[in-house]
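My questions will all concern the structure given below.
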């Protein structure tokens, strides 16, 4: 029982990170139907920017976190403007390949010695890790910080999307960009804003994972990026609650499989995640929360 | 025994009955119209009869030379193979394929080639390919479209796109053809041409045609018999002359009391 | 009939001419080992791209798991040629790989091909990852069982039965098979599904069957490419067949033109040359991936339909043009 609770906490912390990245995936997908494969790289850049702020500018952790979020928001907007906007009218697969190109580009520019270099770097311990006993289980203060920050950010996102004018514009554009434009909504601005928000969330994930795992490198975004995409699809891509649900689900499945007492099972943890994903899709072809839209004949 | 017997057919979407308790019979070589106000369930009925939707209740039976087949749970392609074809309200051509390819795909259902003979390019492949091509061109000739063989379907003018959809449906060699608003979006001259076309198909191919149409002059002109739907229910049937006089039909179209 | 013979013969002539060209260049020593490697890799990439193009470009199903099927072929050859180290053993291993791939593609294709677009993409990605993870967790060597994939360390010292000539022959064969398939009545039904699945069904096309058929055929060619890859490179690790490999193949397909086999050829050759130059010119080799990524982005922005769009090189059209005395170039619409 204690073990289960313990793994639940571990799974939720990992799931928070997936959820934060998945949110960006899903928002961008919802608004321009693009699988933004460079999103994992934004997460990586967030971790590195946070690292620079803490290591070289000696900023406190939360200031560095917010700083990284703001920088990455800018980077996200810039990428959309330079690489994706010219392709707005063309096929989705062309946009997808461009996104993959952007992802390669960021990884390899960061690998240059002039920037970060290919070697992993130790992330400074801006907040000292302490273990706290909560009832029968041990929780680290960093896990609590990750969970807490994630919840705050998700609530913030929910407020932005549901209560603000910009949020309303985002929802409108995702339903029908042309109609939204006719209603006087600036589609370009709304898309830029979506990229900014999504990128900021990924950056937050990156900085927190740096603190959690103590190590960052230019390729760190690839696997979590892919998993977050899986999470977004799992929950129903394009749906914000779906991304959160998917992120937490994938985090929990992974953690429980890794900790399982069945011998050798943990080596198959990613395979199990994908297997469950495929089963979910076969039962609900548009993800857990997705609505089945039948094409009108 | 009618060609197609629809018995108390019902389709529920959630709580809404889009088609409710509809019974109709189609005889061989008939030209029947299906009319009704927008949202009456006409296209839904077509979709039920062609396997796009599965009926909630009731049955659809196809009778071919005394051989009866229950269509209820059949997939669209299997129903098409039986000899039931259709066109769509919003044109659904294979847009990036040529006119000829569109028609050839129609022919495919009754003329399947073996994979091995096509991959290995055996002489039988070339023979069959040439024959299908010839038949497609013949069919296109009947409708004066033999000069557009290599044109991409998307580049055809609107009226010709509608026409090609009908030709493609005929290429499947149907016994029963459903036309879903073939005159939608056409100008009066195009509609007149279409009227002639439908007559011609009816006479030359000797098949049963069911037509959904809002253009009353067209319907009254070509159809031998009409069914009228409103709110998913069959409210009247009869010859065009009878339907014109039918109080419920007038009420359905004009609304309110009379 | 006579005309068809003419077109087919001219294709054959082209294939033989290219073969002889490479053969002569090699014989007179104009072809260094590195260039030969590049040519062989281009050949393997052509097989992969043509197969994936069948799935994505012609049947319109978005697969992100092509590398998984390649892995099956590669490991089938790596393992089986240890049991039977002969040329026949190598050919048998290709058949075994294709056989396993067909079974796997059927088992996963029949349920998942109901999914649409990105959902199908992620499902196929998942399948490829599952295959890769199973391979990572395989046995170390044959004494422990037949599934001796060598785990994460992979298999090395695979006998090199595949040289550039073998690869060339397989490239020509797979291309002929896929091109003939596409230009048959079944091939037309494959296209009809890409264009409009609902209309295709209404025309009597069994869409599930046709989609699965295209998927299985594409997967089988990927397996052949995997076998050739394993035998040519002689060392394989599971990481060779990860998500990134699927993406590499996808890039060739999109770059050349989705729905153009000629495009897949052109793209595989151009990207192969680009890679060759980037790898072997000292001054830029450090920036190889950066240049590659930039090239990708720029090409997509300026040519989003790929180099050739849906155009194909057609002998028939070529002859017609020559017959008319036209001066236009060779490549024309299908």
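Letters A, B and C mark the chains as written, and numbering starts fresh at 1 in each.
To be clear about the criterion, contacts are C-beta pairs under 8 Å (C-beta built on N, C-alpha and C of every residue); 3 or more make two chains touch, one makes a residue touch a chain.
Nothing here was measured: the structure is a model prediction, and the numbers come from that model.
J.: Going by the touch rule set out above, what shape does the chain contact graph take here: line, ring, star, complete or other?
T.: The chain contacts form a complete graph, every chain touching every other.
J.: When the contacting C-beta pairs are counted for A-B and for A-C, which pair yields the higher total?
T.: Between the two chain pairs, A-C has more contacting C-beta pairs.
J.: Distance from the CA centroid of chain B to that of chain C, rounded to the nearest Å?
T.: 41
J.: Using the average of all C-alpha atoms in each chain as its centre, how far is it in Å between chain A and chain B?
T.: For chain A versus chain B, the centre distance works out to 49 Å.
J.: I'd like the Å distance between the centres of chain A and chain C, where a centre is the mean of that chain's Cα atoms.
T.: Chain centres of chain A and chain C, defined by C-alpha means, are spaced 33 Å apart.
J.: Quick check: what residues of chain A touch more than one other chain, meaning two or more?
T.: 297
J.: Where in chain B do residues touch at least two different other chains?
T.: If we look for residues of chain B contacting two or more partner chains, we find 52, 88.
J.: Of all residues in chain C, which are in touch with two or more distinct other chains?
T.: Residue numbers touching two or more other chains: 198.
J.: Which residues of chain C touch chain B once you look at their complex with the stated criterion?
T.: It comes out as residues 1, 4, 8, 177, 180-181, 184-189, 191-192, 195-196, 198-207, 213, 310.
J.: Contact residues on chain A for chain B in the complex?
T.: 296-297
J.: For chain B, which residues are in contact with chain C within the complex?
T.: Listed in rising order, the residues are 50-52, 75-78, 80-81, 85-86, 88, 92-97, 101, 104-106, 108-113, 115, 118-121, 123, 125-126, 128-129, 132, 168-169, 171-172.
J.: Using the touch definition from the top, list the residues of chain A that touch chain C in their complex.
T.: Per the touch definition, chain A meets chain C at residues 29, 35, 83, 86-87, 90-91, 93-95, 97-98, 100-105, 107-109, 111-112, 226, 229-230, 233, 237, 264, 267-268, 270-271, 274-275, 277-278, 281-282, 285-287, 295, 297.
J.: Residues of chain C touching chain A in their complex?
T.: 56, 62, 111-112, 114-116, 118-119, 121-123, 125-127, 129-130, 133-134, 136-137, 198, 243, 247, 250-251, 254-255, 258, 286-287, 289-290, 292-294, 296-297, 300-301, 304-306
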